[in-house]
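Chain IDs A, B, C and D follow the sequence of writing; residue 1 opens each chain.
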Amino acid sequence: MRFLMVGDIVGAPGRRAVRENVPALRSGMKIDFVIANGENAAGGNGITREVAKELLSCGVDVLTMGNHVWNHKEALNYIAGEERMVRPLNYPPGAPGAGVRIFELETVKIAVVNCSGRIFMASLDCPFRAMDQVLNALEGKAGIILVDFHAEATSEKVAMGWHLAGRVAAVCGTHTHVQTADERVLPGGTAYITDVGMTGPRDSVIGVKRELVLEKFISQLPRRFEVAVGLYQFNAVLIDIDAETGEAVEIRRIQNYE
Amino acid sequence: MRFLMVGDIVGAPGRRAVRENVPALRSGMKIDFVIANGENAAGGNGITREVAKELLSCGVDVLTMGNHVWNHKEALNYIAGEERMVRPLNYPPGAPGAGVRIFELETVKIAVVNCSGRIFMASLDCPFRAMDQVLNALEGKAGIILVDFHAEATSEKVAMGWHLAGRVAAVCGTHTHVQTADERVLPGGTAYITDVGMTGPRDSVIGVKRELVLEKFISQLPRRFEVAVGLYQFNAVLIDIDAETGEAVEIRRIQNYE
Amino acid sequence: MRFLMVGDIVGAPGRRAVRENVPALRSGMKIDFVIANGENAAGGNGITREVAKELLSCGVDVLTMGNHVWNHKEALNYIAGEERMVRPLNYPPGAPGAGVRIFELETVKIAVVNCSGRIFMASLDCPFRAMDQVLNALEGKAGIILVDFHAEATSEKVAMGWHLAGRVAAVCGTHTHVQTADERVLPGGTAYITDVGMTGPRDSVIGVKRELVLEKFISQLPRRFEVAVGLYQFNAVLIDIDAETGEAVEIRRIQNYE
Amino acid sequence: MRFLMVGDIVGAPGRRAVRENVPALRSGMKIDFVIANGENAAGGNGITREVAKELLSCGVDVLTMGNHVWNHKEALNYIAGEERMVRPLNYPPGAPGAGVRIFELETVKIAVVNCSGRIFMASLDCPFRAMDQVLNALEGKAGIILVDFHAEATSEKVAMGWHLAGRVAAVCGTHTHVQTADERVLPGGTAYITDVGMTGPRDSVIGVKRELVLEKFISQLPRRFEVAVGLYQFNAVLIDIDAETGEAVEIRRIQNYE
């Protein structure tokens, strides 16, 4: 079975990239299931019902999130009720929505997990223990398990890859908005990449207008960040998984440009 | 002219990788000048005179550093007197050593700068203003300028790329120990990559034995980190620069494995 | 000469505390000059022209600021033109406003400096070197120098006290919103306190409604913080300075309650 | 019943301060039970069996710890077996030692809890939920509950005070090494102070030789910190608790000087 994992979708250019790439890739490359990180899909920050609907209607099967998950107030309600949306698993108990959702494709049960790192990020619960718990709970309930690990530090992301090696089909890092070149299948059949990258405006600073970021970094004065305009980049990984064993066979990086 | 920039060399496996790859690449790919980041070369942390000597004797022309620069006490003296060593430019005035060194290759003057980011890192002086100052000082003194920007946050690294686009020949990120796949030549002829990656033990957590890192992350108890053993990876980028204009023409990623 | 330094004024309760305490203290305790930290005066975050005007009209001679200085956009213009306002000195060159202002009281020239720490805070320029520079520049221009050091870490604040001991009349810490009990006159005649405390709603979490802060800390979900209501506390220090020598003679803590 | 809580004991000067103050205070002020924070007791960093023994033999009934708890390797074994030692409660499951210990004094059962904050600190488990759990577990098992909340940010400490108000007899903050002046009895009979302060060398930067700290802050070069020498300060709070109700009646700050 063939999966596509799309890196953080940023604003309108990112959504345009999804519309122009996902349907074509689905049919052209015979992709069975598409996961996309949507934490920056609405104006660069968070998600709204409308934006999620747009993405879920053009070939994305499930949206994962990250630290920007609640930026739009409506997300608190919306995400709770949307079964095709997964927010970081390791929020304290009581958070709206779910950190894992199970999908059925023909006879295969696919679990999609979103988990957040803690290094240089908010103090969520331990992601390693949270993953242990969810894998226990998924025992016998999913043939294929895919994890979007949304984290900043490479040490935490690589460590999570090894923590889950042989236990899940894929660990795809997100959040840094820069695709890494370390994709590989870890021992035990776990496809791994430190970061899938960004699907958004190319000539930007991780999605934002570059002059605004530079002004802020240099002056240390507040600048209201805006999503950059112009040509997009589409960053994703293609993962082939043996549906019998739940093990990944291959992971390949994709970079398309407008 | 052809340059090789080698990503953070970690411990003995990293040094073995340099010995086995740099001389061969130099001759096989007609490389003129080799820069390597050596901040983790001595046992995973910092550098010593002996370790530097070893690296500088097997094809490396200059060693750049980073946040681990002073881990070995002897580095404070050694780096001050070693002209083939560059430490982060934006240390406060009075720090030993130099943030920029100029090399002559035939008639071409090559300036190598090492600069450190501040986001999620120590409070050095502003890297953007420090680069502005050093470029002013280098005016007319170097035909080719190469920058190792040692930083954690992708936003700061990408922003530095744009800050220096058209002003230097290359901005190569280091520090995260994971190679990124965003190499490109920015407008104005500046080769850019967010991170060159790591030259060190492959099946590790950014160079460290993975079980130690995982134990620490999960237990939050102290663990003395040790460089992992086993097969190495060699991460670098190859940059072609027009010596007349000082502009980069191409940047290519290199990943060799034992 | 007698000075009053008022700790971070938070919102309407803080402003009410200033109105009800400063004029009475001025006359009752024969205070000559009043400095107040106003970084949270407007709704708990930043300052506006109107709010500053109110404070400056009820006995405050000069307002110092901190990390919230630019929260209200109008502050960028307002602060530049308001001579009774001092923002952190160690912003990069080009920031609006001034980090030091000189006031004349009879024949005594009083310099008021605002400086910001960096530990756990934004990456401003080195506060220790910034203070060295400003003291050089003030040489011969001010008989009494008072410093509001706005910082988080006690280590950085205590270190600044020792750095300036014998060189200024007072180093008063602000920012943590909790008054410390370590007031003393350091050798050389420098009045010191790690934090002057908060002038704002008492039964709160450093000024904010406590249930909102607790909900946020426990759920890790976003909560819009609101200034707490109810009775105020007024936190300040009284400093006696010898106008001849520019040295502090005594520092006393003040805590008034509604 | 009368309790004494002693702030972070730093190195030899801190231990001398304990020896010279605790026994005298015990008898002179009829103190029934003494808690002291010992995380910096051994050379400024962590604790050893020998150092703990010394403190426990001169009037300290129980030692609480903090982020430096494991600095000395032997602490990992020692703390596990020492019933008069409490380490932060919110370490992940499996950490050596205990986060709460119960002591019997005549017929009164006294629970001493040590808990660590997370803001600007290591990623331990949520301290608020950890406290909820331990209070549940202590239900009916302790008449008096005292909490040493070892944390950096005033917001987190004040919030913990309100979280536990009416549920424990005392919440005493530690870690910043500067005593705060906000001691009070919160509604419900909970004695609270943001920080008890430091018991250690007075003319220092939170216990360390001040020239070393300043050199490090200014040069950003490594400096090996050493405990300052010279006269000590003794920082503590005295808490009167009604043994019948388990509620605090009064909290008073103590500062003794050599």
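Here is the rule we go by: a residue touches a chain if its C-beta (ideal position, glycine included) is under 8 Å from a C-beta of that chain, and two chains touch if they have at least 3 such contacts.
For reference, the UniProt names are A, B, C, D = Metallophosphoesterase.
Keep in mind that this is a model prediction, so the values were computed, not measured.
Q: Which chains lie in contact with each of chain A and chain C?
A: B, D
Q: Is the C-beta contact count larger for B-D or for B-C?
A: B-D
Q: Give a one-word verdict, same or different, on whether chain C and chain D use largely identical residue numbers at their interface, taking over half shared as same.
A: Over half of the interface numbering overlaps between copies: same.
Q: Just give me the whole-number Å value for how far the CA centre of chain B lies from that of chain C.
A: 43
Q: Roughly how far is chain C from chain D, centre to centre by C-alpha average, rounded to an integer in Å?
A: 30
Q: Check each residue of chain A and list the ones that touch at least two other chains.
A: Only 92, 123, 126, 129, 218 qualify.
Q: Give the list of chain D residues in touch with chain C in this complex.
A: By the definition above, chain D touches chain C via 120, 126, 128-129, 152-156, 158-159, 162-163, 176-182, 194-195, 197, 205-206, 208, 210, 213-214, 217-218, 253, 255.
Q: Report the residues of chain C in contact with chain B in the complex, numbered from low to high.
A: 92, 118-119, 123, 125-126, 129
Q: So in the complex, which bits of chain B are touching chain D?
A: 70-71, 76, 91-92, 94-95, 122-124, 218-222
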